[in-house]
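Paired with subunit B in one complex and with subunit C in the other, subunit A is shared by the two complexes that follow.
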Partner chain A sequence: MTKKKLLLILCGLSLPLQSMFAARLEVCPSCSYQTIHSALENASDGDQIIIKSGLYREGNIQVTKSVHLLGEGWPVLDGEGQTEILTITARHVLIEGLEIRNVGNSYIEDRAGIRLRNTRFCTIRNNRLVNTFFGIYLEHSADCVISGNEVLGEALEENSSGNAIHCWYCQRLTIRDNQVYRHRDGIYFEFVDNSQIFGNTSKDNLRYGLHFMFSNDDYYYENRFIQNGAGVAVMFSKCIDMDHNIFASNWGRASYGLLLKELTDTDIRNNSFRENTIGIYVEGCSRIDYHHNEFKQNGWALKMSGGCLDNHLQENNFIGNSFDLSTLASAGTENTFDNNYWSEYSGYDLDHNGEGDIPYLPMKLFNQIVQQTPEALILLRSLFIDLLNFSEKVSPVFTPENIRDLHPKMNPYTLNIRS
Partner chain B sequence: MKLLTLLPFTFFLLLTACSTEPRPIEYGNEACFSCKMTIVDPQHAAELVSDKGKVFVFDAIECMVEHYKKVPDQSFAHILVNDFHNPGAFLNATQASYLISPQLPSPMGANLQAFSNLDSATEMQSAKGGQVLNWASLLEK
Partner chain C sequence: MLKIFRFYFFDLIRSRWTVLYALFYLLLTSALLLLSPNLSKVIISLMNIVLFLVPLIASMLGIMYFYSSRDFIELLLAQPLRRSTIFFGQYLSIVGSLGLSLLLGIGIPFLLYGILSSAEIWNYLVLLGTGLMLTFIFSGIAFWIALKHENRIKGFGLMILCWLFFAVIYDGLFLLGLSWFNDYPLEKFALGASLFNPIDLSRILILLKLDIAALMGFTGAVFSKFLGSGLGMLISMASLLLWVGFPIWRIRAISLKKDF
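Presenting the complex of A and B:
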C-alpha cells in the first residue's frame, strides 16, 4: 500500500469523528432550548441546531457562528410583519427545512426573509418563504448554493414588493431548482459574476422572471419563465449564455420573453419562446448567436432596435408568429439570417434539397407600417393588408432586400427543447 | 354665425391639446424611455415633460439625467423626480437634494436618491453615508 492511499484512508476514517464532536442542540417548547436565540448563544462552530415543528416568534435572528439550522416538521419562523428574520454573517452556514413568514415591507431598508452578508460557502436549501418582502438576499457573498426553495410573495402592487432571490456584488453562486412566485423580480443579479442558474421556475412576477444588471460570465439553463411582466431581462452585461429555457405567456404592452440591452458575446440556443408579445427584444447588442431556438405564436418573434452588430440567427424555427421580425432596414448588412425555418415561407424547392429556391424576406411591408404607426395594427389580418403584402411579395419595392434568409428550410428542425 | 359659435370650442381644444402638465406614471406597465426596463419603483422613478407636452418616463433618476444631458437643445416644462421619503409625490428636480450612497441601491446602479430638502438628505447621509449633491453638481457627475 502506498503512503498516499494510507493517508486517504486515515482521512476517511477521521471524517465521522468530526461529526461526533459536533453537538446537536434541539429547540422546541419541551427541549433543553426553548428559543433559537438561546440555542445559537450556546452553540459553537460546526454544531447542528435542530428546530422541531412549532411557531417561533423571535424577531431578527443573527447567525454569527458556522452552524447548521435544520428544521424538523416545518417549524415556522414568523417575523410578524416587523423585522428581517435570518441574518447570516458567518461562513459555512446551512439552513434547511424552515418555513419563514411575514417580513414587513419597508421603504428605507430592503428587509429579507434570509440575508447573507459578507459570507462564503453557505447553503440555503429546501426552505419555504411566504410573504417575505425580499426572499433570500445575498450581498457581497461568494460560493453559496441556493437550492430547492419555495419563495412565495404576495406582490400585487409593484411599490410594495421586493425580489424573491436578490444577489448584489456576488461571485460563483449556484441558484438551482427554486420556485419563485409573485415578487417584483423572481431572481435578480446585480454585479454578480461566474454564477449558474438552473432548473428554476419563475412565475407571476410583476417585472421580470430573471434580471441581470452589470453581471458577466453567468450561465442559465433549463429554467421556466412563465406569465411574468417580462420573462428575462439581460442588461449591460457580457457573456451570459442561455440554453434550454422556456419563455412563455409574457403578455403586455411592455412585455417580452427576453429583453437584451447592451449585451455582448453571448450564445442563445435551444430555448423556446411561446406566446409572448415580443419573443426577443434586442437593443444595442453585439456578437450574439441565436441558434436552434423555437419561436412559436408570438406577436413579434424578434424585434431588433438600433445599435445591433453581428447578431447571427441560424437554424431556428419560426412558427405561427404574427410578425417574424421587426428591424431597421440598415440592420441587414450587420446582422444575418440564414438556414432558418419560417412557417410563413411560401416558396418552392424544385431540386428537393430541403432548401427553398428563393430567399425569404422576413420583413413585410405591413410590418414597416406598424413600426412607424403602431395604431395601424388594428388592420392586421384584414383583406387590404393581405393584398398589400401579396403585391409587395410579387414585386418588392419597399421591403429591405438585404434582410433575407437565402436558405430557408422547407421543413422545421427537430429541436432539443424542453416541454 | 355657426362658425362663430364653434370658435371658442376650437380654442378650448387647442389649449387642452398643448397641455404641458405632468402625468402619473403607470407603474408595472410603462417602460423606461432610456433603458427600456419596466418601471416599478416609485421611490426612484422620474419624468420629463418637454415644452411641447411630450412626456418621457424613466425608472431611475440616473436614466433621466442621462437623457437630459443627451439633448442639451431641448427645453423641458417639467423635470421631476420622486421624493425618497414620499414615493409617488413628484419634486421639482432642479430644487431637490440628492444623495449618492453605496448603502442605498437604485434601479440603474448609481445609488442615487432624491429628497425634498437638504436636511432630509443630510440626515440620511449621516445614517447611511455617501455624498450629498444638488441638481447642478449632479449634472456634472
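Presenting the complex of A and C:
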C-alpha cells in the first residue's frame, strides 16, 4: 500500500474520533459567543461552531483551525461591500448552511466569499452566496468537495466581475450539484488536475459556464450550461472527458455551446447541443472522439478551424441545424465523419440496411461561400441559395469531396441523453 | 369605384383559382402546424413558401385576370366612368381577393392553434404583413405589364422574367457582388441592395424577427441595429410602400393615356 493511501485511510479514521471529542460552540446574539471571531478564537481543532440565524457583520474571518462552521436557519455573513469574508487556511474545515453576501468588487484584489488557501480535505456545502464578486476561490488546495452551493452574482461587465467557483493550482477536487448564476465564468479551472465536476447548473454567465485552462485529466458530466456567453471553454488542456452534459441556448453573436482550443486526447459523448449559435467550435485540437451526441437546431452544429487532426465524429445526430459543418477543405483528409445521422440527408437506402447508399456531404456550397464572405449570410434561406446548393449537390464542383460521411444513417439514433 | 370593386371582387372570390389558392394555404399551414410542434420552425417553413409562391401566384393570376377580362374593361370604358375608377377598382379587387385567400389560408389554422396567446405573435404578424405586401406589389406589377403590352405572350414572358429576376437572379447578382468586393466592408452595400428587392427585404425582416441575426455576426448586428431602429423600420416600410406605389403610379399614368 502506498504512503498516500495509508495517509488517506488514517485521515478517514481520525475524523469520527475528532467529532467524538468535539465541542459545540454556539454563536448568536444571546449565546455565550456573540461573534464568529470570538468563537473561532476559543475553538480548538475538530470543534463545531453552530451559527444561529442572524446578521453577522464581522469583516474578514480567518479560519485557521480545523473546525466545522455550521449555519442554522441561514445566518447571514455580510461583507458590506468592503472585504473578503471567509478565508480558510486550515485542513478538514467544513462550511455548511451559511448565507454569505456583499463582498464588493475590487479591481486590485480578487476578493471572494469563501477562500481556501493551501489546504486539503475541506468541504463547502449547501451555502448560499449572493453578490460575492468571486464566490468560492480555491488556490493551492487539494481533495476538497464543493457541493450544493448556490452562487448568485450580479455581474454586468466582464472586466468588473469575478467567477462563481474559481480554482487555481488544485488537485482532486469534486464540484457537484452547485448552481452558479450571473458571474464572469461559472466555474473556472486553471492548473487543476484529476478533478470531477458533475450535476451543476451554470446559467447566465457573461463569459463561460465552465472554463478550463491548462488543466488535465478532468471529468465533467451531467451538467447544464444554459444561456452563457459560451457554455464551456476548454483551452490548452489534455484528457478532459465530457459526457451527458447539456449545452443549450448559448445564443448570441459570439456564442458557443462548447469551445475547444488546443485540447488533445478527449472523449466527448452523449452530450446535447441545442439552440446554440455554434454547437462546438474546434481550433487546433487533436485526437478527439465525438460520439453519440445530439446537435439540434444550432446555427452551426460544428465549426472546425485550422490545425485540427484526428477528430472523429461518429454516430451523432445532426437535426435541424442551419449549417451542419463549417470547415476548411483540408480538414477532410485528417478528420473523419462516419455513421452519423443528418436530418438534411436526402439520399436513399435501396438495400434497407439503415445506411444511405450515397455519401452525405455536410459542407454545402453555401457554407463555403459564407466562410469566405460572411456578409453572404444575408441570403440565407433564399430560393437562389437553395437552387445553388441543390445543383452543387447533384454534381459537386466546388465543395471538398473528402469531407463526407460514407455511411449516413437513415434514421436518428436513440441516444441516452438527459432532457 | 366601390361598385366596380364589388363586382370584380365577388366574381373573383367565386372563381376556382382563388378558392384553390386559399385551400392550398389552409392545407399547408394545418399540415405544418400538425407535423411540427415548434411554432418558429413552422413560421420559417411557411416563410420559404410564402416568399416563393405569393409573388408567383400574384403575378400569374393578376396578369391572367387582366387579359381575360379585357372585353369587360372595354365595355366599362364605354360607360360614363372615370378611367382611374375602373382600373383601381379592378386592381383593388384582385389584391383584395388574393390577400383574403392568404389571410384566411394562413390565418385560420394559426388562430385555431392559439397564436393570439403565443409569444410568436409578432413574428407571425410580420410574416402575414410581408405576404400581403408582396401580393400588393406583384399584382401591381402584373397589372402594369398587362396594361403596357397588348401581346399576351409578351406580357406573360415579361412577368415570368420579372418574378424570376426578383426571386432568383437578383440574389445571384447580389452574391456575385458580395464575393467580388470581398475585401471591402460590405454591410452598407448589403443593406442598401436588400432594399431594392421586395422579396429579399421581406425575407430579411422575417429572419431578423426570428433571431437568426445572431448567426450573421457583425453583418447581422448592422442589420438588426438598422432595421430594429425607428428610422430603419421607417425606411424599410417606406421601401415596401414605394414598391407598392410605383406600379400603381405607372398603372394610372398608362391607363389615363392608353388608346384602347
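As a convention for this text, the second predicted complex is superposed on the first by the 400 of 419 C-alpha atoms of A that agree within 3 Å, B and C clash if a C-alpha of one lies under 4 Å from a C-alpha of the other, contacts with A are read in each partner's own complex, and residues count from 1 in each chain.
Going forward, contacts are C-beta pairs under 8 Å (C-beta built on N, C-alpha and C of every residue); 3 or more make two chains touch, one makes a residue touch a chain.
What you see is a predicted model, and the numbers here were worked out from it, not measured in a lab.
Peer 1: Given the touch rule stated above, what does A:Tyr221 touch, subunit B (first), subunit C (second), both, or neither?
Peer 2: neither
Peer 1: Should A:Thr373 be classified as contacting the first partner (subunit B), the second (subunit C), both, or neither?
Peer 2: In the superposition, A:Thr373 touches subunit C alone.
Peer 1: A:Leu387 contacts which: subunit B (first), subunit C (second), both, neither?
Peer 2: After superposition on chain A, A:Leu387 lies in contact with subunit C alone.
Peer 1: Once chain A of both complexes is superposed, is A:Tyr413 in touch with subunit B (first), subunit C (second), both, or neither?
Peer 2: neither
Peer 1: Could you look at A:Ala230 and tell me whether it touches subunit B, subunit C, both or neither (first, second, both, neither)?
Peer 2: After superposition on chain A, A:Ala230 lies in contact with subunit B alone.
Peer 1: Tell me which partner A:Gly252 touches in the superposition: subunit B (first), subunit C (second), both or neither.
Peer 2: both
Peer 1: Mind sorting out which residues of subunit A both subunit B and subunit C touch, each in its own complex?
Peer 2: 252-254
Peer 1: What residues of subunit A sit close enough to touch subunit C in their complex?
Peer 2: Contacts found on subunit A: 251-255, 277, 297, 299-300, 320, 322, 369, 372-385, 387.
Peer 1: Quick check on the complex: what are the subunit C residues that touch subunit A?
Peer 2: Listed in rising order, the residues of subunit C that touch subunit A are 41, 44, 47-48, 51-52, 167-169, 171-172, 174-175, 178-179, 182, 186-187, 190, 194, 199-200, 203-204, 207, 211-212, 214-221, 223.
Peer 1: For subunit A, which residues are in contact with subunit B within the complex?
Peer 2: Residues 107, 110, 157-159, 161, 168, 184, 190-191, 206-208, 213-214, 229-230, 233, 235, 252-254, 259, 261, 281, 283.
Peer 1: Looking at the complex, which residues from subunit B come into contact with subunit A?
Peer 2: Answer in residue numbers: 27-31, 35-38, 40-43, 84-85, 87-88, 105, 108-109.
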